[in-house]
Amino acid sequence: MTAVVIKDVSKVFNVGKPNYVDALVDIDLTIEPGEFVSLIGPSGCGKSTLLRLIANLIEPTVGSVLVNGKPAAQARLDQDYGMAFQHAGLFDWRSVEKNVELPLELKGWDKARRRARAQEMLELVKLPEFARHMPWQLSGGMQQRVAIARALASHPPLLLMDEPFGALDEMTREHMQSELLQICASTETTVVFVTHSIPEAAYLSDRVVVMSPRPGQITEIIDVDLGSGRNEDTREADAFYDSITAIREALRGIGHAEIRGGMDDR
Amino acid sequence: MIRRAARRTGLFCLALFLVACAWEFYKVIGPEDGGSVFGIRMIPKASNRAMPHTWDILQRLGEPENRAGGDPIWVAVAGYAWYTFRLSLVGLVLGIGVGTGLAVLMTRFRFAERGLLPWIIMSQTVPLIALAPQVVSWSGRIDIFGWEWPRWASVCVLAAFLAFFPVAVGTLRGLKSAPAASLELMDSYAASWTRTLFKLRFPAAVPHIVPSLKLAATLSVVGVIVAEISTGIRGGIGRAVLSYQQASTGDPTKVYAAVLGAAALGLLLFGLVVLIDVLLMRNRPQENPA
Amino acid sequence: MNLRRVLNVGLPPAAFGVVFVVAWEAVVQGFDLKPYFLPAPSAIWNALIDNAELVRNASFASGANALVGLLAGTLLGITASFLLMRFNILNELVSPLAIALNAVPIIVLVAVFQNMFASTSEIPRRLMVMLIVFFIVLVNVAKGLRQVHPTHLELMRSYAASPVAILTKTRIPNALPYLFTALKIAAPTAVITAFVSEYFGGRQNGLGYFIPSNFANSKNAVAWAYVIGACLLGLTFYLVSVILESIIKQRRGAAPGGETT
């Protein structure tokens, strides 16, 4: 069973009004279980919109989205995915472990079971000793790790991430990327990852979906052949640089088209 | 932390002392019978009847309420203050309930917010405390499941009317302050509106509700005192202030006892609210004091 | 100010208002409530028409007290906030006092003031209004003078600007919106304070005298008519302060959302 199937999806905002926006047009994408897929593209290409369609936070105007074999709406009700955002979005008033317990509370788990699972997740993200701390006592990178722990707390088969490392400095970012890969490998989670960093997309993904704006669509899907077991050495590998180049070319193709289109308007 | 609190208290006492000194200083230099500036009599009288000495005021606290003798006046005043305090507390709780309820309603229904908020704001620009006698006239005439509406309940309703406004506005602002990303998160958990209300909106609203509670407490006390006076209800500090004031020709320091009693009860309710504030905010990141 | 926008903003509250008044009238008529229990809106309207002159005079009397106190309190509050900003020791002395006074019902001080002036004087009431307005203005304007964006201060220091220049070019412009926030609160509060001050004795010429006395004589509809007068007075004060604020805002060319860089 495939993890995510997006078929003939289009999304228009403000349908029928003068300020309508073609956010996405004719999107077809299939994601296999255990895959790590990145969505990359310039601003306005609809990558965040696409992620939210998978999350069923918005509905497609046309087409269907299936998650885990079910319609996206059902998958959301069954909490078949976890989500992480650019700003960790932890609740200020809850301790670290209570933040991780949030989705489990909503699922109605009892206290002991919740506590045990939260502890397990914090160990996974290597922050078990911070369970009783408050979020504002942690650094940005640590908060983001807690957010990931929360997203995976109910062991969902799918993880959706919207530029989660965007607010972190470069060194922390690279470190978090390695951590994320380790975590996802051990939990065998499918990941859909929105980013606008080319090296990040190359380092993390099995496939990179390059998107272009106006209207939002998929330009190209690039296979990244770095194999499993990626580590810091991978960042020096030739295959890594080749992937980066391939992604950059695909994005440049869009860029040139934009500039050309702009000049034609004049 | 303790040192800062001690320094603040010390400076506060110093400030009070300076006020007392200014009072006495004016008594020395001020005109006995008041004076005029540009023909308008606006200089206060400095006589002992108009402005008693500070030590006379303090001494009066130990003397009995009436010529007839009995307990010192501060005991009587404490009794009145306690009566008013209890009514203020009920009024405050009622006001918090109504204010919170309205805020939740306005958060849930945009139409309610657009329709009610202007009226709520307007309700505070007009002295509707004036309707105190009308509300009190309902006492003895309304029957709710056999419980007859007592006079003091009207006073609490009036106090609640003053207190609910800052709570409604502050809570509304707080409930709407939940970050969009967190609301999306709760959506992704398919959480119902009510669960989102209790798990996200209310906790996020606490920093906005806390300052409004202090204002509500003060308004509740004022509401009770004014309602007591305009409705003639006995037993409270409001009535005491008025009747002591009327006795001022013979007993000029008496009214100050009631004023001090009113101040004490205000501080007590305020202190209670501050305590609750501290409890509610104990796990939050500390804001820098301005 | 196009029609659509006015309707959008005005329609919901108008709807609630009309429904409320109609329901009120219906309840009074339907349950045949006696006027001393709850007068009908129609009865109140009639009383207002009949006593228009009296209501107006009473409103002017209370309004005059409110206005004098408002002006005096605002001027003193602004002056004090400058002094507090300039001399930190004053700030340290006054702040805890201001917080404590914030917690107590200082309205009772009117009784004390009555003793200090002639019994027919309006000064005690005006003094009370002035005191309350003073604290509102002081707290807000002081905050505005102090809480200047640190970046702005660094910039002025890099220009080696004198303290006076910093004051006039950054602190005062920053404090202006805070002044108007204070006025929007202080103006209606001045009306309420003037009105409530009349409960503590003195001349019997204002709304604070006529409303309780009419209620005491069971002339409820007349009392409500005076209450309407009080409402209109409070609203007028509030609206004037709102209009003043928007005039100053327009002249400053503020960003539509009030944003600052």
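We just call them A, B and C in the order they show up, numbering each chain from 1.
The rule is simple: contacts are C-beta pairs under 8 Å (C-beta built on N, C-alpha and C of every residue); 3 or more make two chains touch, one makes a residue touch a chain.
Note that the structure is a prediction, hence the values are computed from the model and not measured.
Undergrad: What is the shortest path, in steps, from chain B to chain C when you may only step between chains that touch?
TA: 1
Undergrad: From chain B, which chain is the farthest off, judged by mean CA positions?
TA: The chain lying farthest from chain B is A.
Undergrad: Busiest chain-chain interface by contact pairs, anyone?
TA: By contact count, the leading interface is B-C.
Undergrad: Measuring centre to centre with CA averages, how many angstrom lie between chain B and chain C?
TA: Roughly 17 Å separates the two chain centres.
Undergrad: Taking each chain's centre as its mean C-alpha position, how far apart are chain A and chain C in Å?
TA: It comes to 53 Å between the two C-alpha centres.
Undergrad: Residues touching two or more other chains, restricted to chain C: which are they?
TA: If we look for residues of chain C contacting two or more partner chains, we find none.
Undergrad: Residues of chain A that contact two or more other chains, please.
TA: none
Undergrad: Two or more other chains in contact with one residue: find those residues in chain B.
TA: Within chain B, no residue touches at least two other chains.
Undergrad: What does chain C use to touch chain B in their complex?
TA: Residue positions touching the partner: 9, 12-13, 15-17, 36-38, 92-94, 96-97, 100, 102-105, 107-109, 111-118, 121, 123, 143, 146-147, 188, 191-192, 195-196, 199-201, 207-208, 211-212, 215-216, 220, 223-224, 226-227, 230-231, 233-235, 237-238.
Undergrad: Using the touch rule from the top, collect the residues of chain A that touch chain B in their complex.
TA: By the definition above, chain A touches chain B via 55, 57, 76-77, 79, 81, 83, 85-87, 89, 91-95, 102-103, 105-106, 134, 136.
Undergrad: Given the complex with chain A, which residues does chain B contribute to the contact?
TA: 179, 181-182, 184-185, 187-191, 195, 199-200, 203-204, 206, 283-285
Undergrad: Quick one: which bits of chain B touch chain C in the complex? Just the residue numbers, please.
TA: 8-9, 11-12, 14-16, 18-19, 34, 41-42, 44-45, 49-51, 111, 114-119, 122, 124-131, 133-134, 137-138, 141, 214, 217-218, 221-222, 225-226, 229-230, 237-238, 241-242, 244-246, 248, 252, 255-256, 258-259, 262-263, 266-267, 269-271, 290
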